[in-house]
Amino acid sequence: MISLHYPILNVVVPLIAAPLMVLARHGGFAWLLATVVSGSSLAVSVALFAEVADGSVISYAIGSWAPPWGIEYRIDSVNGFLLVLVSLIASVVAVYSRESVAAEVAPEQHYLFYTMYVLCLAGLLGIAATGDGFNLFVFLEISSLSSYVLIALGRDRRALMASYQYLIMGTIGATFIVIGVGLLFLMTGTLNLADMAARLPGISETRPILAALAFLTVGICLKLALFPLHLWLPNAYAYAPSAVTAFLAATATKVSLYVLLRFYYSVFGESVIFAALPMGAILLALSLAAVFIASTVAIFQHDVKRLFAYSSVAQIGYITLGVSFDSLTGLTAAIVHLFNHALTKGALFMLLGGVALRLGAVRFQDIGGIARVMPLTSFGIVLAGLSLIGVPGTVGFVSKWYLVLAALEAGAWWLAVLIVLGSLLAVIYVWRFVEAAYFREPSAAVARLREPPLSMLATSWLMVAACVYFGLDTSLTIGGAAQAAAGLLGGGR
Amino acid sequence: MIAVVTIVIARQRNLFAVVILFGIYSFLMATVLVALDAVDVAMTEASVGAGISTILFLSALHLGKGIEMKPLHKPFLPLMVALATGAALAYGTLGLPAFSDPQAPIHQHVAKRYIEDGARETGVPNIVTAVLASYRGYDTLGEVTVVFTAGIGVVALLRRLRSRKRGDKP
Amino acid sequence: MRNYLVLRVVAKLMIAFMILFALYVQFHGDFGPGGGFQAGVIAAAAIVFYAIIFGLPAAREVVPDWLVESMVAAGVLLYAGVGFAGLLLGGNFLDYFVLAGDPVDGQHRGIFWIEVGVLITVAGVMLKIFYMFAGREDGDRG
Amino acid sequence: MNVAGHFSYWVTILIAISGLYILIARGNLVKKLVGLAIFQTSVYLLYIAPGKLIGGTAPIVADRFAVYSNPLPHVLILTAIVVGVATLALGLALVVRIKEAYGSIEEDEILEQDRPPFDSSANNNVSN
């Protein structure tokens, strides 16, 4: 019986964990609760995904008001996949965060940190699960507000400015999304996304709808940090506490991407986006710009965390590149890369968090020779770096392979070449780490270091292992992504 | 009137005046909302915009210089961005149904049931309350959570500072 | 400002009325404009008013920090609790129909309690934010 | 295209433009937040104005009235206002902390302070 209520429990359980933490005011308890709650969300998400993996749809009417009058949770193969991803990362990072947060956040703030952490999780899961346009905005704000706070809890004072900039950009983005949803609402009279989609044909090329599309695209792209709108991301990632960087890098932008896909394919419909408008070409241009410019900027960074933050902007470019093909293969590639990049970046930032824990900073000038004293951490970073490049045997290869396939399918061999060239830039920035870690003499400060605590190392390596495992056994990820892509293209809603 | 105040805010560099003007702006907005029959919203806007926001701004201003520096960068690019947004909005809104058109989709679809059956189904004559608390009650739970997040977030941001002051400052 | 007798007496009266007005807005929300959020703001404003007249420490004695922080959490819990009550009684989450024998009564009951939840959290948060900001200013002055 | 019938939208657009302009063009962190708040209020009008029916009354059911303005936008905007003020509170708390850490609430001064000797990419311009 209770399985009927999984869609809502998935979101509400982390949500009520937050006030409980505030009442308890105890850091250790809060950590335990955060871990348990993330784990339970993972279990529920897996159960949900198992149910919808065959292409069926679960609809849950909150308050027993039938949609479109009430708010509906709607799980299909696309967001089922995403729910698993988000809760998986959340669980791993929750275990990881204990030592990391203990070192980076003042003790009396621990319970506040975990309160924000579960709220952010609840927000992200809520965005993924909801079938209502305005409810999406509300949960977007829950996750955004909590992530602003999480970022501002970083040790460096620049974290404050980074958080402020993210707040401004994020709120502009959210307001744009509200304007977009509002225009859709004014034209259709409904807020339910599925209902909206049913009422759009016939008016889909009127001016308000096109304007709504523009506002939604810009707003969501601000949130997902697509190239010209990415300015908030590098600082936010670089100065946030390590656990936060790992969590947000692996989930927040991915959820925004899902929102983009949801609006594009499930609400507006393929034909409006790609046939009536040159969205494909725009996305293509921006994606390529993201890949090349952000990768190049990454190469010149002094701080390893910032380097990989810029690399995130570039990798987001690959994902949107997959979307821009508007083909089954392209969309599959995008969704696979969404999953794979989450694993890779999660692993990377978790390992860097280990370095930061021991060393205090991760600037290139400080980490010379670190491989001698932290061999496991360094090797993990190299493996994850290989995945960023797309070396066979890692998840990165799988997604690049599908991207190249999609490019060739579209008859654009030059794009395939560009994708490979983009990977070469990744070789350069990953090499910078290898050079510093393996080929420099350790300084006195570095020589005294040890590996990070077991809980951090083990969870980080779990992610690295996942990067390799899913690189070798692709049945699960490709299968899930292909199902999701087919669902989107088939007008899943 | 609102437009005039907005433009004055944009030109004014004394932050104190800006904040007070913002309060006035909120009150004007509230009157407009009453004229548009949105009494619940007007009440909230008056208490939030003119009340809470102004108090918050004033508390924050206590620390600042009060006078804004002349902006260093050229205002050309921001103006273009703002105008582009406005143009997109204008483009979109021109296709919308005209003001007070009872045939517009928003009056015909979901809202119709709220007005016709809301009071009977929920036993609450104020339909805004009925929709807010029942039909879309989950949004309101989300809204309360947002408020909660902000409250705890402010605690997290401002409390830490005190412990720092006492202890480990270099 | 602490020595003006008239001010203090009037203020006390005013505060009583403000709390009363908050309750009116809260419970009249079914029939006229108003509801948990507005009532929460007004109730918080009453305490803020008290703090301005009698000083922040006095207000903190009347409504201590731990109480405010608990209020912040309790409201959300109450709201979600109503949701879970619907769940336990065999409905969906936030299902008010099952809260009482008659569906309309159930709706009434549900709306009443969630509005109380909103009131508690909003009043708590507004007060907490005021305390945090005002507390800092005091610190600055010495 | 009925221009007069869209008067409320013109006001909305004007507010949106000025809000966004204040938000982006100004370097003062507090003023940016004022701009943000104004930008958000434009959305309130965008939602609520079309819900008005001339001759209608506030959506509180009573026997005397037959036509009511649309309640749904009101509900949405109530939520939006609350979210807006929550964001504002958080933003101001950040400003207070920034002021503490940097001694300034001007964006340019703050970015200037952080530039040397750390790194030079605060504005995404790679200078080395």
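Assorted remarks:
By letter and in written order, the chains are A, B, C and D; residue numbering begins at 1 in each of them.
Assume contacts are C-beta pairs under 8 Å (C-beta built on N, C-alpha and C of every residue); 3 or more make two chains touch, one makes a residue touch a chain.
As the structure is a computational prediction, the values presented were derived from the model and not from experiment.
Touching subunit A and subunit B at once are the following chains: C, D. Of the two chain pairs examined here, A-C and A-D, the one linked by more C-beta pairs in contact is A-D. As a whole-number value, the distance joining the C-alpha centres of subunit A and subunit C reads 36 Å. Centroid to centroid, with C-alpha atoms defining each point, subunit A and subunit D lie 26 Å apart. One finds 26 Å separating the Cα centroids of subunit C and subunit D.
Between subunit B and subunit C, the centres computed from C-alpha atoms are 20 Å apart.
Multi-chain contact residues of subunit A (touching two or more other chains) are listed as 15, 18-19, 22, 62-63, 134, 138, 141, 145, 148-149, 152, 179, 185-186, 191. Residues of subunit B in contact with at least two other chains: 39-40, 44, 48, 52, 56, 59-60, 63, 89, 93-94, 96-97, 104, 106-107, 110-111, 114, 125-126, 128, 130, 132, 134, 136-143, 145-155, 157-159, 161. Contacts with at least two other chains are made by residues 20, 46, 50, 58, 60, 72-73, 76, 78-79, 82-83, 86-87, 89-90, 92-97 of subunit D.
Judged by the touch criterion defined above, the protein chains are all mutually in contact, each touching every other. Partner subunit A is touched in their complex by these residues of subunit B: 88-89, 91-97, 104-111, 113-114, 134-139, 141-143, 145-146, 148-150, 152-153, 155-157, 159-160, 163-164. Those residues of subunit A whose C-beta lies close enough to touch subunit C in the complex are 5, 8-9, 12, 15-16, 18-20, 22-23, 25, 60-64. Taken together, the subunit D residues at the contact with subunit B in this complex read 1-2, 5-22, 24-28, 30-31, 33-34, 37-38, 41, 44-46, 48-54, 56-62, 68-79, 81-90, 92-97, 99-100, 105-106, 108-109. Note for the complex: subunit B touches subunit D at residues 2-3, 6-7, 9-10, 15, 18-19, 22, 25-26, 29, 32-33, 36-41, 44-45, 48-49, 52-53, 56-57, 59-61, 63-65, 68-69, 71-73, 75, 77-79, 81-83, 85-86, 89-90, 93-94, 96-102, 104, 106-107, 110-111, 114-115, 118-119, 125-128, 130-132, 136, 139-140, 142-143, 146-147, 149-151, 153-154, 157-158, 161.
Contact residues of subunit C toward subunit A in the complex are 69-70, 72-74, 76-77, 80, 83-84, 86-87, 91-97.
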